[in-house]
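All chains are identified by letter, namely A, B, C and D, in their written order; residue positions are counted from 1 within each chain.
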């Protein structure tokens, strides 16, 4: 479709429908009715069947005018996209609309204490009993589980099949007695994740997604949405239009809940932004050896941005290979965060012993020092990224697998 | 010069290890780190009474056991392994060192015996913990009265007495202050490493006794003693983390095999073992040199061994090693290593705070080079 | 600012790659590096005639093709991949840059066209190749006569003309000297990297024409241009070595499996890929900034992009990367990689010599910091 | 035996027998007759059955008085010790004496182009034909092969057995038409190794050592002698007694040939000894960042010495574990050499482009820069050392093997 036509249509529609005095739910229901909540989705599934570029036109208009989008905070988007891709009509009807409006909050129940790097090693049990699925097991690293209404759940429905073939993918109601959510405190004091314990938790047969034994394929599709989200995250956020009115207030409240787990994320990336100012303020910049370390840090940071830009440009120009750039970027983020922590320590000297609001940069430096270890673990460890890069980009041979044969017989954590 | 531990030293280490394993478990450490004082006074007294640690290296004429830096190192290393919470570094190491190097005979006789028994907790107040050259700019004495502040003081909240290094009309001096005197303001500071209690100490017109003279020379000696002791603590911590991490990788299974069978992890652990062995060797060596120096006069050591830089080498190596091992200890545990529930972060934070206490590795390497240049030129 | 290569640039690169693969094989390189001149004049002429590389970035008004640093970079990168032996860096890059930044219009018109055609080989004589600040202490001009020596000059043995930066009563100047004049003493120096021909140039009462003024500012500009060009060469070399090393690990079998399946090697190659990608991105970016600067005036770039430091960042990253990849390229081949027969050492040595030419990574990082401080303050 | 008695005995014997005017061969024959050529060897095999400590007493006397030892240059010692341990009486008689006198020179034929890190993967063929062994294959990294009379050879005598079981160990005459020795030039220009090509080379049945199929065990014993030699190497060398006379002249000539391959070894270790002087001479020591790198280098170097001393002290005090200290020391040597090359580069600046006698330290710095890559390869790569340390010291699990079953079927280089 002609981009100008799209721009005209959406602008016209917004003139008719957008009002800051609507409730958030009212506004989002209008969005849905107008077909603007997810323009890239198929026409039969609440969307307009737009291409990526066409959707971008709509998004640009929304952003420029400061219009509130459909709800897409973290796990909501993963759930919605996965249901769209793998759900049957009934499932789509049951979940998609209220997910886009924000009425349904989601969480992602993939990682387990016994399977972190090795997601397909899930040993949460799903058994058919009395006309429903009964779930037993423990999940971990579940962001926002305490706010979630539903969870996307990977569990093992057959222990006699090979590892990747015995998994199934479920939509589970989090508000039931068999599901217990406990906050999981991290070494930096934040508790932005949860543990989720499932004890005879129930899932109706209707909430099996993508078919029995097809869980790994469905999960892989969720993970690819997650990776794409990671790469696109920087471009989102609405413009600085003055935001007054009910819809904004309610939207801010939703955002506050969605973003709460992420307040320490800038620290985990090393707060490179603080380095130069602090080095000057403290006089540490006078040290020639510290200058070398700062220069290494800034070089690595800038080069990683430039490499990401160039990879993006290459991607746009043709090939669709997004994973390598993602893995390289993720690995680089670890190196950068570590070097940043090193430089912050050099700058602080013995003051690095202090933390809390009376310490450097209101505690942000101290929080950085004890948050950076997360960057090289969360979302796939450095080791996993290096495996991916060496195998998928460089084409180096895989190692012999030790986890073939029936899952029941594979060595695992007890 | 001694090259090996004697069997007495081995036994002493074993006794300490047993005590620490019984009284300084992660559960104990977690309990103590939430208190204001940061340690269990009863356990501390027991440790001092049973094993005499508080005065292990203090000469017998001052009520100590008369052993040296080697035995002090053994204490610090075993404490470091178990993250022992107590005022040992502040009182027995730092304050004692200041007294031994700077105080008059009378004050040594007055103050050291109580430190050696662990009944008096004394802390050394320095307005910089970064380097001897930086000390003396924020604390001043005039007419027997002290003013000024030190931003970071160890265990000030549990100290009875403070030894303050301050500038005066007659140069730097070491001054004695009662911790509960009016004008002594101790404010707890939040510490990156909650097992190490820090305070800000502000002195407003506090009357003080001058117990000795301080100059760059004896400050450097204090720095060397304390750096070597701290290096032992770091080596102990690094060894603990390496051992526990390797054990973890043998048990943890991913992809149907123990993660310790993955070559990337094996090689990383091999490199860390090398680092730990080297930091340990350098640290033991520094303690032995200090003892040889105390016995023979440091000048004699300089000539025969030409390694005055050894304490700085030890502190720098131990700090880098501890931090490297600590990073790996979190990383190789994956997400679990980043949780509060797992104990790894307790050591990680100790590694970080020890890295910068008494000067970071870069400072120590620079001092090392200054001493080497002095020697060779 | 351009972010992607145009299809013309792609085609240009492909033509170069084809030429290099045909005419600069390891066999060719090994043959050329044993000669005194170090290159095959016929191949050089062919390269200049067919692809116009010698003047690719020289403005059309001076007989060049009028392209920019990006195209120059393409040439250097492809040459670096194949270790092309020829006076390109000396004449087309360094001497041209000196002329473009310092020479009067008349001299540009006189000298650049022959350089652009590759028919005249000109080399830049600097008494330091470490940094602009160090230039001008060993070469002096007085009354139109030059004296002094430069320890390392590129391709002096094959140069027709020399451009000498020397101090004079009116500040630094750029002076033109005929290579075969009496008083010009060129002594071949043994080079760590035999594919790069080096000489000492001693000037004894050599009469010279002043072709322009030199100051720290335009020296720095020359340094930036040449560093970015050299960074491209290094990125090309690093890419070649990484590719060939990865391929080797896929074929070489030990313990019944390709060594490329061992995780330690896989992870090392993954890290190196990241490094190469970053060095490449920084290098391309620096070239684009220089071109944007030349088009818009460097000041404009400074304001809009605030990245005058980009050339130094590129040179430092490319140098570290090339050396890291080169070390791995030898190591991962095991003993074979250490033999003369294997070609890896040819690139290893080029990496090493490129690392320090025009200042090592530490110098470039220091310049980078000076420029960043200047910007932010 | 009482150490003083030994000292008296050897001193008395030397007074009777030592003369600088003997030929080297005459002297060594006397040594052998007197039983002093290898005092730690059994009485029935040319020795005196002395313990390590007792032997040390003899060696100390020799060293103090500047007496020439039995020949033990490099491969000679490996061959002699291996034959002593695994040879039959006939073999011992045939080889030991003339090896100790220096009449027989040896080389070690283990590594192959296709099996470097993986020595047991040897694919040199040994076949019984016409009453002798016929050898075909290629060896590499053979030090002093061009001076050798005999070689200790590892070759495969059975391709249907598993890898380690099909090997046999031979003593091969190097002076035969089927053996061709070619010098192998290294990237630093030296040619201190050889390639050895064997084409229908012959070995008599009598020269199979340790039995058919037992080659790996015999080779392991050679390798353990080699490792011990590496650890002890520093203590050897005779004293600075004035050395004039025929026996010394001939000994020096022997040494010159033995040591020729090793002239670049100090460079491959990084020439740390040159660093401080050069840093001062060039003024590079004024740079704070270079000082940091020098301090790191010197710390690593000194700490590795101290760790080796302490490991040695521990070893003497009881345990016999020599391999870990060896592997750690070897790995450390690589790290040190690399850092030394880095520091030399920092000190040199652009002068590092130069080489040859007119460059820094008469070319030793340049030679260092292009020799250090060898230290992390020769004698077992860094990767192999890390495997050893992690498995044998830290007890981490081995990887699943890919080279089990008949050797014939194992994937290998072609």
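A few points about this structure:
One rule holds in what follows: a contact is a pair of C-beta atoms (placed from the backbone, for glycine too) under 8 Å apart; a residue touches a chain by one contact, two chains touch by 3 or more.
What you see is a predicted model, and the numbers here were worked out from it, not measured in a lab.
Compared with subunit A, the chain whose C-alpha mean position is the greatest distance off is D. Here B-D and C-D are compared, and the pair linked by more C-beta contacts is C-D. Remark: subunit C and subunit D have CA centroids separated by 43 Å (rounded to whole angstrom).
With each centre defined as the average position of its C-alpha atoms, the distance from subunit B to subunit C rounds to 51 Å.
In terms of their C-alpha centroids, the spacing between subunit A and subunit D amounts to 57 Å. Contact with two or more other chains is made by residues 257-258, 262-265, 267, 362, 366 of subunit B. Shown for subunit D are the residues that touch two or more other chains, namely 287-289, 291-292, 383, 386, 399-400, 402.
Residues 287-289, 291-292, 399-400, 402 of subunit A are the ones touching subunit D in the complex.
Chain contact summary for the complex, subunit D toward subunit C: residues 111, 113-118, 121, 140-141, 184-187, 189, 287, 289-290, 338, 345-346, 348-359, 363, 366, 369-370, 373-374, 376-378, 381-383, 386, 401-404, 410-413.
Contact residues on subunit C toward subunit A in their complex (touch as defined above): 3-4, 246, 249-250, 257-258, 260-261, 263, 265-267, 269-271, 273-274, 277-282, 284-285, 307, 313, 316-317, 362, 365-366, 368-369, 372-373, 376-377.
Residues 262-264, 267 of subunit C touch subunit B in their complex.
Of all residues in subunit C, those touching subunit D in their complex are 128-130, 151-152, 189-193, 196, 198, 251-258, 262, 264-265, 327, 330-331, 334-342, 344-345, 348-349, 352-353, 355-360, 362-363, 366.
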